[in-house]
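In what follows, subunit A forms one complex with subunit B and a second complex with subunit C.
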Partner chain A sequence: MAVHKGRGFAAIEYPTGMNQNGDPSQAWIKVKPDGRIDVFAGTSDIGNGSKTIQSQIVAETIGVPYEWITYDNSNTDSSPVCTGTFASRATFVAGKAAEKAALAVRARILEIAGKELEIDPADLEIVDGEVLAKGAPQKKISVSDVAAAATWTYGELITGTGAQLKPYASIVEPETGKVDLSPHSAISYASCAAEVEVDDETGIITVLRLWQCYDVGKSINPTLVEGQIEGGAMQGLGLGILENCYPYYPSVEHRGGEFGSYLTPGMEDMPQIDTIIIENPSADGPYGAKGIGEMANNAQPPAIASAVFDAVGVWVTELPITPERVLRALEANAEPRRIGKLVIFDEELSINTVGNGPVKLEVLV
Partner chain B sequence: MKAVGARVPRYDGVAHATGRTEFVDDVRVPGTLWVKALRSPSHHADITRLDVSAAVAMKGVRAVITADDVPLLEYGHLSALGIPADEPLLAKGEVRYKGQPIAVVAADDEEIAQAAVDAIGLDLTEKPALFDIRKAFDADAPRIHQWGNWYTHFEGGMDRRQIRKGNIEDAFDKADVIVQGVYRPAAIEHVPLETQVSLVVPEANGRLTIYSCTQALYFSMGVVAAHLQLPLNKLKFVGGTVGGGFGGKVDTATETICALLAQKSGRPVKWRWTREEEFLCSSTRAPWHMEIADAVTKDGWILGRKMLTLHDSGAYSRFSPYGLTKHSFHHTGAYSIPNLEFDGYVVYTNRVPTTAMRGFGVTSVSFATETHLSRIAHELGVDPFELRLKNANRIGDTSPNQIAYTDPSTVPTILAIANALGHKLTPDYRAMTRDPRSGDLLPEHLVAQIGSTEGH
Partner chain C sequence: MNLSVNGVPHNIESAPLTSLLDVLREELQITSAKAGCEQGGCGACTVLIDGEPQRSCLTPVVAVEGAEITTVEGLGTPNDLAPVQQAFTHHYAAQCGFCTSGMMLAAHAYVEHGGTEDREAIQDALGGHVCRCTGYVKIIDAVAAVARGDSFDATLTAAGTRMTNLGGVA
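Moving on, here comes the complex of A and B:
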């Protein structure tokens, strides 16, 4: 009886935006008389930080400090359509709508500043809340003064709208799954290595360390990106070794209706996490960003399953890899069936064994 | 100061950390009624008697609703995408999972509401239940829906999601080794800190203000509007700050029922699920059953993949057809596999309907395919990093849907982790990039699958 260490690895990809697209998001912006910016969008913030991210995008795009932004996603009377916060789309799709609205506002600010400064708007830029003549920054007017002029001199409301919608990608050949255009807006990529310790007497797995690399296109807020990656790692650890609604699936017996009988990861389960973020910009996302939200819990379960094999030499392919499953696998010590060039694992789990209907996985050699 | 790329503080971080963020259950309106539901005690049964008269007569009970009170009883979560509705808001005639709502009560407090629920007369005739998706196709399987035990409305009227690419028979003929395995990730709970909750206030002007924890304000507004047959200007959704969702709050779980009870009673109505209801009656991540057979060469090229997926949808479709389609589009993972034969089924069982959860459709396939690749590497005696680098998708390679990849980062992310681990790779692998294939990395079996990246 001993504790064994093992390492495993996985590489994954994940699409940004709803599969097959067709999921609009919209934003509108108005400017207060002192230049402060009100952003309205219908994007729910589920803890992913979309209020923050969209505020950053608007501040950057217009050229004003982040602190100038008020973000309102509180209700459907004032905020326009957002399909929703899912499909890793809040930064990519809804953030793009916010960027477009901000570009419209920026253009209007430059036009009014151009009138005030008597300079062609094309020769102006906005830096940190001030409109400056390119190459002659002593000629300038603050965004606050531009907004005041719009309100009190020109009788105008500075406003802008933006919408992002990639058309629905139809499946044109149901038999093959061929689509008529790209069914996603961008793909994010990640790799993960796991180091585990497996006790062959108790079956208990301890995840000691995770090394993770994510391509997020552009890290608009590194703190929030790291939060998604580390939070996702913990959720992936739950998927990998702890959580299960039906402990003896497909049976519905022993279903836990409370935290005492449903194990989620806690702080004591948290391994050392080493995170590498790379930025391979997307063509269509705001500032090159891609989605990071969902994929963050996808790479750990296979990396852990491979690490368990590396540690104790058994493949457990039903999740979660509980102590009971580890011990049963060690006891069975199953070998795949080999017929010619065919290597068949897990036959006892296959529909070919369990079911007697027409649906099978048929591999003839 | 540059805003993009900066570690600016979370917009609502101080409010969250100091407990000052107002979530739905923090909103208190005088005169609010509280809701409890009569839920099915059976996994599968016919309802032979439903009598709410005793509940209606109880002191403090202000409204009771059954299926007969809903203007549009069935509205599919994805009706807008052509996925037919199959789930009643409240059970009518039959219950298909334990915990399915049958009748709801709004009363002066939660204790009265629960007492009224307990007073509802319900007789059921038990029917055999189906839990194992592998047995759903058996001739003697219990039948869950009148049309059968799996979804039948994919494009072209197909009863499964199919992917076909290249020549699968040729790939299996040419393979040195065929590795076959079965992968079964579990159903899990979303476990949000904030359980499902909503508050609906009937306004003097006839509108309904709906305080909601939805992840998708406009989506949920569409669902409520459809069930109540109201135009959108009669509804105002208030929300946008959610106490944890992870996909579970894309389901519109409580809003429609509170809106109906508010209409009927003329009073504000709040329904907040207990933790036990959240665990046992809210939708879960789906359990998946995946079988893979990969045709590989002894030096580690993946020539072809056959795959069968069964997606345990629970009793109703909800988002499952969407999830399975997404799953099928990503069943090669981050690799180029030129010959494919994928069949996937959305299968019904008598368990709580499953729904979207972080990574929907792809978390399952990432587990299956990546564990499978590690097995293949071990079988062949090939380094697991090199097996992946070799088959990694490159610019111009095509996806299962025959769309060219324009910006894959598989190679750089794998190399980053190999470097972090100090994993030894041969110089050829260490020098790999994501650039289009050529030379030794464009073997004959991949020539035909290189696509144009223009316009994608």
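Moving on, here comes the complex of A and C:
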């Protein structure tokens, strides 16, 4: 009986965004008379940081400081439609809508600035809140002054709207179901390497280390991306070795009835987590970004399973890889002991967690 | 009975065996302590009772008569955050925020009691608090920063300081 160490690896691909057949997101932006920007969008921020990300996208696209942005997703009456924060779409789909709205606002700011400066808008750019003549940056007007001119001189409100919607696919070959557009706009790739310890007496797995390597297209905010990947790592660890609503499905007798009977990873289950962000840009996301939310907990369970194989030489083919399943796999793999014609399967490994105690298998052949 | 919450005395009218959590949330409208599992398992309801982190969901209010209760509102104000609140902000140690109040109060008590930046000691001290979003990495970073006595520019968060320059419109 010993503790065995093993390493395993898994790679995944993940289609980000629910980007087949609909699911629109919209954004609209208005510029206040002092040049500060209000963004209205329906994307709910459930802690993933979409308010920060979309504010960054708007600020960068228009060319104003991040602090000028107020992002309002507070209610469904004032905000345009966003089908929601799911399917890793808050940056990939809704962020693109915000970028398009910001482009419209930027274009209008340049037009009004062109009138004020008497320069063709095509020869102007916006840098850090100021509209500058390309190549002659001494000719400039602040975005605040442009917004004031729009309000008090031209009698208009600078606004812009944007929407992102993947067109509905039409079937062009009814026999095969072939459609006329690619099924997904962005495929992300990820891999995870796991290092585990397996106790072959108790079956207990300890995850020592997880290396996470995730493609996000463009890391608009690395801290927030890390937060998603680290959180996903612990969820994936839970899916790999702990979490199960129905441990003996389809039997429901052992279903958890309370919080404490559902094993969520705690702080003391934490391995060392190393996060590596890969940027492989998408064609359709804002600034090449893809989604990171849902894929972040996909690669750990298979990586842990292969690490368990490396450690103790058995494949556990059901999740979660509980101590019981490890021991059953070891038992199935174990050579029986023979005394003459008596064959004894390893009684120490024989367990029966739902019956009336340990099982001793002795078979006369 | 009388109860002092964040230095403010209150006359409590709830029944004596009402949980402290319900008194805070329902009678006093102090909702930072969260009703998570309500079995003592998740840590989201944690408050400080005379400086010690305790599960308010399992504490009958009569048992803490005369004690000083502290919630996160009592640690600092938006314009004058306590070190643990600054560190959680700076290190992006909250995502959905449901566990955050309990985490911060436990972290505050850990540091007040002389806790160090040692990762295993922090895991031991905060091990009773479940977080589903962060993977705990940045929470531990934040608590270690407080234990070290790091100072932060409160106008900046870690998320803010590491924004990628997207280069604007091509």
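The rule is short, and it goes like this: the second predicted complex is superposed on the first by the 321 of 365 C-alpha atoms of A that agree within 3 Å, B and C clash if a C-alpha of one lies under 4 Å from a C-alpha of the other, contacts with A are read in each partner's own complex, and residues count from 1 in each chain.
By our rule, a contact is a pair of C-beta atoms (placed from the backbone, for glycine too) under 8 Å apart; a residue touches a chain by one contact, two chains touch by 3 or more.
Worth saying up front: this structure is predicted, and the values here are computed from it rather than measured.
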Partner chain(s) touched by A:L103 [first = subunit B, second = subunit C, both, neither]: second
Partner chain(s) touched by A:A233 [first = subunit B, second = subunit C, both, neither]: second
A:N244 touches, of subunit B and subunit C: first, second, both or neither? first
Which of subunit B and subunit C A:I220 touches, first, second, both or neither: both
Touching partner for A:E268 - first (subunit B), second (subunit C), both, neither: second
Partner chain(s) touched by A:A190 [first = subunit B, second = subunit C, both, neither]: first
Contacts of A:G47 with subunit B and subunit C, given as first, second, both or neither: both
First, second, both or neither for A:G260, with subunit B first and subunit C second: second
Subunit B versus subunit C as contact partner of A:Y66, first or second or both or neither: both
Larger contact residue set on subunit A - subunit B or subunit C: B
Intersection of the subunit A residues that touch subunit B with those that touch subunit C: 46-47, 49, 52, 56-57, 60, 66, 218-224, 232, 235, 258-259, 264, 287
List of subunit A residues in touch with subunit C within their complex: 46-49, 52, 56-57, 60-61, 63, 66, 103, 106, 126-127, 218-224, 226-227, 229-235, 258-260, 264, 266-268, 270, 273, 287
Contacting residues of subunit C [partner subunit A, same complex]: 36-37, 39, 41-42, 92, 94-97, 122-124, 126-140, 158-160, 162-169
